[in-house]
Amino acid sequence: MATLTLAEDRITDLITGNKILFHHGIVDAFGHISVRHDADPSKYVMSRHLAPGLVTRDDLLTYDLDSVPVEETTYRLYSERFIHGEIYKARPDVQAVVHCHAPALIPFGITATPLLPVYHMSAFIGTGVPVFEIRERAGMTDMLVRTAPIGRALAEKLGDRPMVLMRGHGATMAGRSIREAVYRAIYATQNAAIQLEALRLGAVTYLSEEEGANYDRYTLEVLHRPWNIWKRELEA
Amino acid sequence: MATLTLAEDRITDLITGNKILFHHGIVDAFGHISVRHDADPSKYVMSRHLAPGLVTRDDLLTYDLDSVPVEETTYRLYSERFIHGEIYKARPDVQAVVHCHAPALIPFGITATPLLPVYHMSAFIGTGVPVFEIRERAGMTDMLVRTAPIGRALAEKLGDRPMVLMRGHGATMAGRSIREAVYRAIYATQNAAIQLEALRLGAVTYLSEEEGANYDRYTLEVLHRPWNIWKRELEA
Amino acid sequence: MATLTLAEDRITDLITGNKILFHHGIVDAFGHISVRHDADPSKYVMSRHLAPGLVTRDDLLTYDLDSVPVEETTYRLYSERFIHGEIYKARPDVQAVVHCHAPALIPFGITATPLLPVYHMSAFIGTGVPVFEIRERAGMTDMLVRTAPIGRALAEKLGDRPMVLMRGHGATMAGRSIREAVYRAIYATQNAAIQLEALRLGAVTYLSEEEGANYDRYTLEVLHRPWNIWKRELEA
Amino acid sequence: MATLTLAEDRITDLITGNKILFHHGIVDAFGHISVRHDADPSKYVMSRHLAPGLVTRDDLLTYDLDSVPVEETTYRLYSERFIHGEIYKARPDVQAVVHCHAPALIPFGITATPLLPVYHMSAFIGTGVPVFEIRERAGMTDMLVRTAPIGRALAEKLGDRPMVLMRGHGATMAGRSIREAVYRAIYATQNAAIQLEALRLGAVTYLSEEEGANYDRYTLEVLHRPWNIWKRELEA
């Protein structure tokens, strides 16, 4: 088992976040969530190669921002750990990253229809989110972010936004905390499902840029409310 | 803990109503339900700021119709309590109010397609329900009903109807009892989901005004039937 | 408690059928299932006015085919019991009747799109099913089959078919056994959900009349297979 | 009880595979999964006629490739066992076969819209999958693969592909192991559900042939990851 110097509350939230994402169908056997190290911003913590629903404390590994484990390990690693390392490098404000293949999000990565905020719960979507086309940087791949350069290209596409869709693959969300990254993953997916239905009915009125920004500023204040019920659901 | 003078059956139904709405996906971590005070119609009772699925007796607070707690409290309050107070002010017939963001209802608040009754279970929809556009009264907000004047505008838009849709936000249902408000929230959402599917198939025959009114008169007589099975579901 | 002379296997299947229909979302708090009396074909057995998920042996009442309880009772009765009595009168081959408001079926009763068999599991749909328009016989009602004449009109519309859709209301299935009526309710609903999706994709090839008839002849032979797993689901 | 000489790990995976397919809604009371015999490639093992969710070790029978049980049995057999035997005959590389009626797949068998890979998880779909039209070989049937010749026609249509859709019926998946066949059944169904949604939004970018092939080569390496969480779900 690896040495784990991460603060206890981040360990707890990271394990809980893995399970919440699984319980809500945001990740299935695949996908992952990481957190930046609280004491050393040049490190992050994430599970070894494992379904998120199975992650325990003993599965957590510490990586540097090149996504190399800081201690030698015999564990198999997530192939796409570079998503996490490269976003932490590019975005000092980001404390947590979720990568997922949530079904409702896929259509918005493979068509020209932009994901836009249908209600305040997903206000963070703002004026839309970027779509990463791996072919632009890496040609015909197996779709995975298997290297630091591809991870860097993804981080560039993300820019200063809260999330990025990935064509034929899924999405990656960034947050100022584990709770915010999980919140964004859950409500981006919910938004996608609602938007798919609304688009059937004709022209849609989305949140304006100002409405979205106004609510988004408020989100951090109320993150404990969903987090507490999501934790309770895991106990039931 | 606050003093609670509400009749015991209203306390029980309020706590049960919170849990039923959560169990049926009408509310998630957000949304709330209140009941008018049985002994003093100028007061109402609602939980402190908390996910509905977690509400217990100790979380219930009594408010006046300006949505000010009648006893001092250190509890955080729902930002949108004005929805409740202003509807109780405007509608003496209303004994309970549900506010929610049920996904199936959102499309009918952000497009021009009116919500109409596809079957007798949602007969209360009648000839359609109003849609509240917060921009009309308050310009670019964070979408929340954070003040008494916005609450009043919502109550005006509701008028004498059983529910009001809120653009980019959700919906609010009024009822002559907690059970009726919960019933309306559940079947308005079910109606929205069915209507979305039916509209794919071509022209839809909705209940006529007379058919809707005829069934709606009957609803109060049979509310115990869904309530009993919804309670049983919570025990399972 | 009423005297119950129904054969023990019909009692068991009737109670189980109520619970299976609820577990599969075919009925919610509303809807009902009945069985013809094995010893006296001029009687049928059905629950008192109660959500199907709550029905126990003590709730079962025996009715004549005019839908009058054969013993005096203080229990409240289903308003729409005439659906059952009138079908048993008109159709000596029918041993069980399900009435439901399954959401996926509603669109096919309120639009001009006919329900047609997308696969062998719902082969009994054959060349389509009739739609009952209560306005034709009874004008502007509250949509309920509250009288024997309306029940008779429904039975006439059903004719010799396995089921009838009811505009703005739901559907009624007939079967040669409780298991067949439950099977038809579950797979008609599944067919509706699949057909709604298939129609998005363009022209649909349905089962031909001959294919449908061929498989339908086989269904009775394999009804024990779904019944056994549906029973097991109730235990879990 | 029949003599069972299959390797212990294949027995365990076969029983687990039955239950995973049921838990994920790929099979309901109908559908089946088989495995080739590890010691004798001219035999395969599959349950007797039983809902997959109920299969135990004692229900497993060994068949030759003509789908005749190698020991006399009084058990009823799956009518469509010829699907399995004929595919094992035609495809020496295949070690496991799943046959199912998963709802999301049906629309792609009854319309002209081809099933195509929306993301890497279903990369095995490649440039599309064949559709078996039973009428071409057998005219108007009851839709079931009840004979060796129809089974052979299905195996021919499958060709060297990972799966074949069956018009008005379902689909059959082949795999190099039980885990791969189950994986393909689950993600083909997930792909179908996502593709149905994406097609609403306009032109869809699917995986290219090269992208699909690149990821598919990698799948075997990570099959333990979904399998472990699917097993854990069964315990919960």
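Labels for the chains are A, B, C and D, by order of writing; each one numbers its residues from 1.
To be clear about the criterion, a contact is a pair of C-beta atoms (placed from the backbone, for glycine too) under 8 Å apart; a residue touches a chain by one contact, two chains touch by 3 or more.
Keep in mind that this is a model prediction, so the values were computed, not measured.
Peer 1: What's the chain with its C-alpha centre farthest out from chain A?
Peer 2: C
Peer 1: Give me the C-alpha superposition rotation for chain B onto chain C, in degrees, nearest 5.
Peer 2: Fitting chain B to chain C on C-alpha atoms yields 90 degrees.
Peer 1: Same or different for chain A and chain D, where same means more than half of the interface numbers show up on both copies?
Peer 2: Copies use mostly different positions to touch.
Peer 1: With chain centres defined as C-alpha means, what is the inter-centre distance between chain C and chain D in Å?
Peer 2: Chain C and chain D have C-alpha centres separated by 33 Å.
Peer 1: What is the distance, in whole Å, between the centres of chain A and chain C, each centre taken as the mean of its C-alpha atoms?
Peer 2: Computed value for the inter-centroid distance: 46 Å.
Peer 1: So which stretches of chain C touch two or more other chains?
Peer 2: 200
Peer 1: Are the chains arranged, by touching, as a line, ring, star, complete graph, or other?
Peer 2: Chain contacts: single closed ring, each chain with exactly two partners.
Peer 1: State which pairs of chains touch, listing all of them.
Peer 2: Every pair of chains in contact is listed here: A-B, A-D, B-C, C-D.
Peer 1: Chain B touches which residues of chain A in the complex?
Peer 2: Residues of chain A touching chain B: 117-121, 123, 190, 193-194, 197-198, 200-208, 210-211, 214-215, 217-218, 225-226, 228-230, 232-233.
Peer 1: Under the stated contact criterion, what part of chain B meets chain A in this complex?
Peer 2: Answer in residue numbers: 22, 28-30, 49-51, 53-54, 101, 103-104, 106-108, 110-113, 140-144, 167-170, 196, 199-200.
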